[in-house]
């Protein structure tokens, strides 16, 4: 699971790096499933981050109101 | 005292008379609008002022007014030409007539306005602000900030009551992607005299949460007023340009971009456009992620298929390869086996031939030797049958010669021819000097002797031969 | 049997090397059957590895694609 | 009989050398029958070796295809 | 009769020496018939040797073909 | 009659010596007829020897060719 | 008449000696003619000897040719 703090940029950069290595056939079959797993995690992480309300953030916003 | 005095009215009448006489009508005057208000009847009352260029000190001030009928026309003309509402702080070129009323005192009645003067002034001011920002090196600062791929946490600087703000928030919250945006309003007055400081203050507040937000959105709700002066202000621009978060403007204006727009990271026309921009940017990110992950899935699947193919190719390549290899080796071996009898029989054949040749040669050499010997025997035989006869001839010749030689020396033969031999005292006479007169001489001829006495001896001089 | 640590790439490379040597007739007949055995093991190893990887990847991808 | 340690390649090389010497008339008639005998032994050795190898290979291949 | 130990090559060499002497007239008539006899013996010897070799080779080749 | 032991070569040598002496007239007339007789005998001897040798050689050759 | 034992060569030698003495005037006229007679006898002797020898030689040769 990616760290909480991972930014969208870091996530996409990592995805792109993996993609690049995959495209250039640098990736061993042995790494393949691991890397696919990583991409899946990153995608899931980004989707969640984008679409699910994060309590912590909400809390900060609420504090601002006060 | 008993001094003569006139009433105020009389004085004012006198001033009015002087001013009227001066015919101060239709004069173009450059001034700044100090204050402006419109009363219920639609008349516009202004304070026209002039400040000193360097000290900003008030140099002149005069009341002015535009009659409602005129004002409606001039205001529309001005605003449509400049894109700027006629408001406090603007420099204007107006055509005035000086009027003096006893009750109200002096005031300037504006009958016409030249918007191009204001525009020129505004443009100059804007240029000055931009130049200053550039000199300070802050002009591009906000632009240089990287916009996050997803601008999810948004600080909004806007007037809370503006319709634009409401629409903006509504738009964000109901986006069709289902993206969750976090936003907080930092209220500010967006027009009028306080706008500048209010906006600057709002930025200061946002600054407290600078680590939290992804960007600042500066929006102005689309009200009736088109007072944009504050967005050309140096201080607003100065704050905005140096702000550590990227600023997105949606101020909504018709004409040239304001200074705030010019220094902002991203400039959009309206709050709606800003909301759409934020939504689309986040949406684009989702799309990119989806595309890339789909791509990765494709590649992974393709790669696995390729590898499967590769493995199967190798697996199927090596079976025939091994078989071919074995066949090749077998063929090579059998070729070698095939060479063997050919070579051996050739070798043996060669050897047999050589032996035959040797046999032939020894035969022919023997015959040759024997023949040679026969020939030499023949030659010898010839020699032996000729040589003795040659010898016989030679011997014969030799005998003949010897015989002849003997015969030639026979004295009997000579006597027979008439030669004779003379003897004195038994000695053969060979020298005449040995003979003297009276010697007994015997002469011998072939068939007898003659005896006598020597009577005379004659000696020949040279030749004493017989 | 290949060592546990052998990577897919190493296995493929080894197969290719053996095939190359076979093609260039570098192999002695004595080595041949041994090498055929080796290739056979490696192919089996690769097939298994690919199968496992494919299953893993498909599982992850399916999750991601939902 | 060739020594146990003789490799197939060595055997083939020896056969070729003998044949070459025979063909180039380097070989004496006295050696001829002896060398023919040697070739015969080597050929038999090679044939057996090929046969054995072929059987082994077939066995491995069959196993792999199952 | 040549000694048992005489090699084919030695026999041929001896024959060639005799022939050479014959050619260069070094040979006496008295020796001639004796030497011719010797050549004959050697040739016969060689032929027998060849014949034997041929038979041996044939045998070996036949064995090899079986 | 020459002694049995007289070789062909000795005979030839004697013939040649006699002939030489004949040619150089070293020979006495008294010896002449005797020497001619001797040559005659020697030639006959040689001829016979050649004949015998020829027959022997031919016999050997015939044997060799069979 | 020369003695029976006189050889051809001795006869020739005697003739030559006589001729030599004749030429050197050592001889008396009476001896001279006597010597001439002797020479004549010797020559006749030699001629006979030659004849006889010739006949003998011819006979030998004839025998040989037969």
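All chains are identified by letter, namely A, B, C, D, E, F and G, in their written order; residue positions are counted from 1 within each chain.
Criterion: contacts are C-beta pairs under 8 Å (C-beta built on N, C-alpha and C of every residue); 3 or more make two chains touch, one makes a residue touch a chain.
As the structure is a prediction and not an experimental result, all values here were calculated from the model.
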Contact-graph distance - origin chain C, target chain D: 1
Chain pair that, of all pairs, has the most C-beta pairs in contact: A-B
Remotest chain, chain C as reference, centres from CA atoms: G
Centroid spacing, where centroids are CA-atom means, of chain D and chain F in whole angstrom: 66
Chain D and chain E: spacing of chain centres that average the CA atoms, whole Å: 33
Chain C and chain E: spacing of chain centres that average the CA atoms, whole Å: 66
Centre-to-centre distance between chain C and chain B (centres being mean Cα positions), rounded to whole Å: 39
Numbers and ranges of chain C residues touching at least 2 other chains: 8, 29, 32, 36, 43, 50, 53, 57, 61, 64
For chain B, residues contacting two or more additional chains: 293, 297, 300, 304, 307, 315, 322, 326, 329, 337, 340, 344, 348, 351, 359, 362, 366, 370, 373, 381, 384, 388, 395
Pairs of chains, among all present, that meet the touch criterion: A-B, A-C, B-C, B-D, B-E, B-F, B-G, C-D, D-E, E-F, F-G
Interfacial residue positions of chain E with respect to chain D in the complex: 7-9, 46, 49-50, 52-53, 56-57, 60-61, 63-64
Chain F-facing residues of chain B, complex: 359, 362-363, 366-367, 370, 373-374, 376-377, 380-381, 383-384, 387-388, 391, 394-395
In the complex with chain B, residue positions of chain E that touch it: 8, 12, 15-16, 18-19, 22-23, 25, 27, 29, 32, 36, 39-40, 43, 46-47, 50, 53-54, 57, 61, 64
Chain G contact footprint on chain F (complex, rising order): 28-30, 32-33, 36-37, 40, 43-44
Footprint of chain D on chain B - complex, ascending: 315, 319, 322-323, 326, 329-330, 332-333, 336-337, 339-340, 343-344, 347-348, 350-351
